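Below is one structure, written out as structure tokens, with a few remarks after it.
Going in written order, the chains are labelled A, B, C, D and E, and every chain counts its residues from 1.
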Amino acid sequence: MEFTAIYYLIPALIMFCCGVYGFITRKNMIAMLISLELMLNAVDINFVVFNRFLFPEAMEGMFFTLFAIAIAAAETALAIAIIINIFRSNKSVDVRTLNEMKF
Amino acid sequence: MFSNILIYFVVIPLVMLGGLALCQNIRQIRAVAVTGSLALIGLSAWVLAEYLELRGAGNEDPMLFVDSWTWFAPLNIHLAVGVDGISVAMLILSSIIVFAGSFASWEIKQAKEFFLWLILLSTGVFGFFISIDLFTMFMFYEVALIPMYLLIGVWGSGNKNYSAMKLTLMLMGGSAFLMLGLIGIYYHSAPEGGQLTWNILEIANNDAIDHSWQTFLFPMTFVGFGVLGAMFPFHTWSPDGHASAPTAVSMLHAGVLMKLGGYGCFRVAIYLMPQAAHELSWIFLILTGISVVYGAFCACVKTDLKYINAYSSVSHCGLVLFAILMLNETAMTGAIMQMLSHGLMTALFFALIGMIYGRTHTREITQMGGMMQIMPYLSVCYVIAGMASLGLPGLSGFVSEMTIFVGSFQHADMFHRVFTIAACCSIVITAVYILRVVGKLLFGPVYDEHHLSLTDATWWERLSTVTLIVSVAAIGCFPNFFNHLINFTFKPAIFAVLGLN
Amino acid sequence: MDYSQFLTMKQELGLLVVFLLVFLYDTFMPGRTQKGLPVVTTVLMLLLTVAGFCPCCLGSGSDVMAFSGMYETSPVISAIKNILNIGVVIVLLQSIRWANSDAMAMRRGEFYELLLVTLFGMYLMISSRHFLMFIIGLESASLPLAAMTALNKGSQESHEAAGKYILTAVFSSAIFMMGLSFVYGLTGSLYFSNIYVAIASEMNMMLVCAVAFVIAGIGFKLSLVPFHLWTADVYQGAPTSVTSYLSVISKGATAFAFMAVMAQVFGTVYSRVWEWMLYALIILTITVGNLFAIRQRNMKRFLAFSSISQAGYIMLGIIAYNTMGVAAMMYYILVYIFSNLAAFGVIGAIENATGRVSMDDYRGLYKTNPRLSFAMMLAMFSLAGIPPFAGFFSKFFIFTGALNQGSVAIYVLVLIALINTIVSLYYYLLVVKAMFISEDDCVIPTFRSAFSERLGLWITVAGIIFLGLVSCIYSGLLTLTADSALSLFFA
Amino acid sequence: MESVGSIILYCVVALSMIVFSVLAVTTRKILRAATYLLFTLFAAAVMYFMLDYEFLGAVQIAVYAGGIVVLFVFSILLTSRPGDNSERLTSKSKVLGFLGALSMLGVSGWALLSRCANFSSLPAMKYLTMSDLGTALMGTGENQYLLPFEAVSVLLLACIIGGVVIARKR
Amino acid sequence: MESTLPILILAIPLTMFLLLGIAGCKMSHKLAGFLGIAGMGTTLVLSYITALTYFFGPEFIGADGLREQVTVFNWEWLAFTENLVISLGFFLDPISAMMLIVITTISFMVHLYSLGYMEGERGFQRYYAFLSLFSFSMLGLVVATNIFQMYIFWELVGASSYLLIGFYYRLHSAVSASKKAFIVTRFADLGFLIGILVLSYYTQTFDFVKMTSDPSWVLASTGGATFMGASVLTWALVLIFTGGMGKSAMMPLHIWLPDAMEGPTPVSALIHAATMVVAGVFLVARMFPVYMMEGSATMIIVVVGAVTAFYAAMVACAQIDIKRILAFSTISQIAFMMVSLGVASEGHGEVAHHGLGYMASMFHLFTHAMFKALLFLGAGALIHAVHSNNYTAMGGLRKYMPITHWTFLIGCLAIAGIPPFSGFFSKDEILAACYAWSPFIGVWMSMVAALTAFYMFRMYYLVFWWNEPHYHHTPHDAPLSMNIPLLFLAAVSCVAGFIPFGHFVTWNRMPYDIHIELPVAISSVVVALVAIALARHMYIKENPLPAKMKAALPRLWDWCHHRFYWDELYMFITHRIIFNGICRPLAWFDRHIIDGTMDSFATVTNKASEAIRPLQSGQVQMYVWYYLIGALLLAGVTAVCVL
């Protein structure tokens, strides 16, 4: 058998979908963040795979991934700071408590 | 720019606004309002004189005093002005009603704000009538609409919030269609590759709007303006709006603002898209024909004076649109005459109703009676207004209605003639509701003993009403003058296209 | 390795200088002078704005590509940045009083630093011609905003807003990046110019997906329906100054960037793919935004929905897909900045003075605070598109621009948009009604707002009145757009 | 034709990636979720190595596993009390989650498969040296990333400031 | 002809109206009355000069021996199109000259009479103002040069009639009577207007001269067009006649006239007996050559006239109110004129008996105006004396009011057709014309003439003989100002019959001699005398016969007394059908359906707004879910559509 790009892309996609599922279902905000990380990571894999399989002559995808990792880190850091902030005032990290404002 | 006389129709109201901002007390406010409206009357008289002189000298241009200043160059938007007989007539009408309206609101509360909005409204109206650029026309049109909301909302009576909102939204709804129509016209204003333009004269000259687009754009613009012209079934803002509006606002609105609708229908919808007008007129003819009769019937059973008059306006304004759609010289002349006539007499009506209401605090005719004994002056004026409305010769209503009927009946098509007869029936129904009100309200024994202590008109009220009555009588007695003033516009080739007239 | 290329990024560099100065001031100046920070920042921004207007100084006089086409600046881009700058100056002006309140004492500097960074991010979004740059700009424009949203430490709503914002924002950026990965997979490049060429021959699901995800990702920031759901909550919870910043600057910048992406990346598949997507989104956005706005009582939330529907109108400039549309869009953004900031200025002034933000509290406001009510009314009229205020002109031009496209579908779209203006007029008038017509027992008492707030209001009101009447602005934008390289994409 | 080793390796990596992803989003204990995330990230790193992106793999391990996951663990410890099992999921949210995930899978899967024909086996690639990476990061030319490098630094700075200002007690 | 006099004839009353109307309230009663009378007097003199000049001036006899038609002046007032122009002009021909005399005479008499009758009334000045307005309008109507000018003044007389009927506006009855009068005539005028429209559409002219000088051209101009089976010319003429029916109170549009008696009695004399109500006759006479062309139109005129004449005479026999009796008498007499006009032509240009009917009609118009005005003014004197309109409050008055009694008797004899009073001559001509046209109509009209004599003398005896009721004040003759008109008109009624009318007024303006048709004359006088004798027998003093007759024919009495329930029928149609059946449902429809639809846009918007509220649930995961689904749908739907 021959590994084409699709062999790598499908697991990444499944990973992405797991992230989606987790993000929608988990009530713990940190768990939601974890799901998000899965999604971001799946995207990273996509880039890398496309780069490696389709356009190996340049390193666009790889560098995108590199920066995306940095961005993801920044996002996560900020998100965690905010979650902790919420935890301080709400005494909970349950996302369902974020329902003061609606309609 | 200021060498053109027309521009002062906008400048004077703007100066008035500025003056108003500086006013400290009610006397100054009145002074500003009176001076300004007098200046406007003077200006419109001047324009009329100049206009007649130019025409007399054999000037055959479709519009006079034409001038155009570039505004948004890339879109070819200009501040273009110009008048023909119709616009001159409308300008005169507006200035008279603004004048009368200022006097009718002599003792209004919060006078400064009131006049601020009122003058803004009149700015829009005047601007609309002098514009021959679709963009500026539309802009002024909307400028005239929005002050209504506050005028009714703040100074109105009864269910004013609802009425003000309904009126504003429905009229703006109309202008939504209108805006689409106008932009559409712009994009088809010139032949392929030509310079697109908003200028009415140029568009009419180019005659480049192709047939399929006409059939789309004509209804858009006609309905857009028709809403303001109280065309069935978009007239329902009118009864509520008028009923809640303060006196001067009802006057201005029914007297002038509703005329914007008819004027626009002619100036934009029909003038620029005659073929579509010819083909689609039957649809709107049915609607306006319904307006005419239906409004009159509805007025018969209402007991609130303003509702009666509002429905009567629906009927009369319906006649305006009806006649415009006949697409012949006489009927269209009649339409414009009807605008003048209806504007003046309905303003008179609303002024009187406001004055009566200000005294009795009711507009229910079932709650009043025998006013002739209590306030003979106002009652006599009311009778005159009523007579004008039901078309007594010697007053304006007769002249305009007859011109419309005769003109409409000259239509070659049987359908149009039959419809004309149906519209004619409205004169009987009009008589019914007018006389019903007159009989109940003015004649008969005094209904309420408390009313006996009420006073007759004050001097400013007399001035306001006399102005209007004289104008109504002037049109009624010397119709040919207005006829000639107006029908010059209808001479040129727009009918040639249709093979009519 | 031509590092002098950095010098083409004059406006970005200028902004960074401001950022650094503010940072240094915040860090090193003694505590008693800290209250001067807001004014200093405002003045610095003002200088930057002024400088941006002259091409010789910071603005761009011609089209320049730098970093091998990763960055572009041109008069048009410079113009939109200047427009944003003007907005930022006004926002800063209006936030001075809030920033100098005691509650903000510890976070004053950070507020300004974060704000400037987000502005920097927006600059990058606008100027970038490479998706990596673009996403960095997008994130810079969006992540610090989450922190800014949370600045109101005492308020539960502020935290909630920040939480909702960061979670949805990150999710959105994940989707966006997914879309980018598809773009990359299709074309092998992240340079706009390369993609533009390479994508022309493509027509498959991956392309559709890519476009949809990219639209979703940017639509999130623009709060297009259905990607808008965060908007109301965040606007309501965030401090008023942040809300006003979010609603005008962030939206305006994103709109322009969106236009750039759609035209310069996906231009070749306009009618094949995304025209119809945008039709749907615009109709949804305008309608749903309006429908929600009807029911709102909280002024900030109300303006949130109003801004959603406004975004729909802005989109008309993009779907027009011509230079007129772009110019109209930029003009619309400018006018929208002034109108919305006037509204937020009044809301902020009242909130700072009395802490009340409900529309019910505004009843009878005209009796006690006529000037504020007047400013608010003008803002509402302008937003509703009533002449002679600027909003009318912007609406008219954006419709004109859209109809320039000429298809029947666009006529239908514009008609729907126009009908929606009636609904929007209704709710704007509700505010006017509350202030001018309704009466209430507990009217907001007469108060005197701070100088900065008044100045901000005067500026915005002047803008509302004159921006439309002064024709050279729109005409200038139109000429600028027509002459720019951007216009090539619409040919 | 791939070697058996690489097939096995692929299977292990792919499977662990999928399995740990699923576990990460379904486990009730939040700390476990973080752990499964770590494993997934490791799997991804291995995948990078398999595709000859050693540097990227290293960064992945360093930044993700070393930084982010630690951050997660800290925050988890900070916010959850011991023995605090995660919530029981309502069936409604499960259904919605499934629906969302499945449709995402469907649409994106369709997108990927639509390009499947273009996919070939692993092409040869020039070995990436550190200096290649360095030049690309510090260069201003085509496919060189000095500008993003600088820009991202501003972003990181902003996030630091933001994080600090939020996390600060007052 | 000089146009100064004609202009003044119209201008003086108009000026008086404006003067009294605007400044009247500042004047004393005396001054206002004097002004009014002076104005009318001047007009009277001027009109007499004009009319007599016309009739006797040789310059108006053309070369062919015909009396010329003169358009004294004709000013363009409103030009609809090049051809269709409303002009205001002064047209002199025999009938308009005659009408000038009739109008100004009666009007002057009424002015004079009112001085006494209306003395001390509130609104005295207003009264005179309205009288002047009416005189102006009526004069304008008869001298109209074109049909539209006639329509204009037609409307104006309607309005002044309205104002005068409603003079006592404090009374409900007066107000509703005036309203009724206006609306009914307005309805008729609608027909007139449509008729004008139809006619002018085909002929492209309003001008009388153009139409009447060559009526066959009118017929030709319609080009044989038909509408719903009838030729358009018939339609036009019938519609125009409808206008005449309204004004002249022909059945079924007669219902307003009896009610119009609510106005002051002099007004009834002027407007509702002598002048305005004959406008319909005048109109048909004016258009006579055209009517001649359409047999079906004249047929309708004859039928309507005959039925009305009989009906009104029947009803007049059973009324209590003396003014009502006179009103129905008026209706009946006008119907005579109509019938006479109708029988003057025999379809398609053949004029029966040299247009005898035409001449007779005009003659009767003239004499009737005089004696009916006399009767009304006499009735006014009676009412003035006893303060009641009902004969039940009167009786034996001959002793107290000799002048009134004798003048009234002359009036009654005149209307009954007893020679040598004027009515005999004119009625005789009419009957002769009828017999010539069709014996049936002749007999029928003779019967009506008998009825006329009967009800008039019924009234006469009931008022002046009969039993004397108890009077609060002793009744006495009216003051001099009221007696002069009575005496004058009585004198005219005595002698007017001897005027050689045929020399002045004929359909083709060709003078000819009237000769009395003896058989017809004798028979009609005999019949009239019998009727008078019967009335004398029944009503000269208490007599059981009337009661017996009433008991014998209760149904007939009821129907006659209630005017055959026409008012009730109209009430039913207007109130039940039009008002409750059309207006109210329409108003409801407008409020609830049309307005409801408009409101429902708002409601639906609100409902929609409520319905999508759950979208903004406040749950961030739902937000994300919608986001995701939105994005996927965007992709999926687009893909389905474009791929």
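Please note the rule applied: contacts are C-beta pairs under 8 Å (C-beta built on N, C-alpha and C of every residue); 3 or more make two chains touch, one makes a residue touch a chain.
Since the model is a prediction, treat every value here as computed from it, not as a measurement.
Trainee: Using the contact definition stated above, find the chains touching both chain A and chain C.
Mentor: Expected: D, E.
Trainee: Could you name all chains that are in contact with chain C and with chain D at the same time?
Mentor: Neighbours common to chain C and chain D are A, E.
Trainee: Which chain's centre, taken as the mean of its Cα atoms, is farthest from the centre of chain C?
Mentor: Centroid comparison gives E as the farthest chain from chain C.
Trainee: Average the CA atoms of each chain to get its centre, and name the chain whose centre is farthest from that of chain A.
Mentor: Chain E.
Trainee: With centres defined from CA atoms, tell me which chain sits nearest the overall protein centre.
Mentor: B
Trainee: For this structure, I'd like the pair of chains sharing the most C-beta contacts.
Mentor: After tallying contacts for each pair, the winner is A-D.
Trainee: When the centre of a chain is set as the mean of its C-alpha atoms, what distance in Å lies between chain B and chain D?
Mentor: 70
Trainee: For chain A and chain B, let me know how many angstrom lie between their CA-based centres, rounded off.
Mentor: 64
Trainee: Averaging only over C-alpha atoms, locate the centres of chain A and chain E and give their separation in whole Å.
Mentor: Using C-alpha averages as centres, the distance is 96 Å.
Trainee: So what's the Cα centroid distance for chain B and chain C, whole Å?
Mentor: Each chain's C-alpha centroid was found; their separation is 42 Å.
Trainee: Residues of chain E touching 2+ other chains?
Mentor: Only 602, 613, 616, 618, 620-622, 624-625, 628-629, 632, 635, 639 qualify.
Trainee: Could you tell me which residues belong to chain D and also touch two or more other chains?
Mentor: 93, 96, 100, 104, 107-108, 110-113, 143, 145, 148, 152, 155, 159, 162-164, 166
Trainee: Find every residue in chain C that makes contact with two or more other chains and list them.
Mentor: Where chain C meets two or more other chains at a single residue, that happens at 132, 136, 139, 143, 146-147, 150, 162-164, 167, 171, 178, 182, 185, 204-205, 208-209, 232-233, 295, 426.
Trainee: Which pairs of chains touch one another in this structure?
Mentor: A-C, A-D, A-E, B-C, B-E, C-D, C-E, D-E
Trainee: Which part of chain E faces chain D closely enough to touch in the complex?
Mentor: Interface residues on chain E, with respect to chain D: 621-622, 625, 628-629, 632, 635-636, 639.
Trainee: Over in the complex, which chain A residues touch chain C? Could you list them?
Mentor: Spelled out, the residues of chain A in touch with chain C are 16, 19, 23, 29, 32-33, 36, 39-40, 42-43, 46-47, 50-51, 54-55, 58, 60-61, 63-64, 67-68, 71, 74-75, 78-79, 81-83, 85-86, 89-90, 95, 98, 100-103.
Trainee: Could you list, by residue number, the parts of chain E that touch chain C in their complex?
Mentor: Checking each residue of chain E against chain C gives 602, 605-606, 608-610, 612-613, 615-616, 618, 620, 622-624, 626-632, 634-635, 637-639, 641-643.
Trainee: What does chain A use to touch chain E in their complex?
Mentor: Per the touch definition, chain A meets chain E at residues 20, 23-25, 32, 95-96, 98-103.
Trainee: Inside the complex, what are the residues of chain D that reach chain C?
Mentor: 107-108, 110-115, 138-148, 151-152, 154-155, 157-159, 161-166, 168, 170
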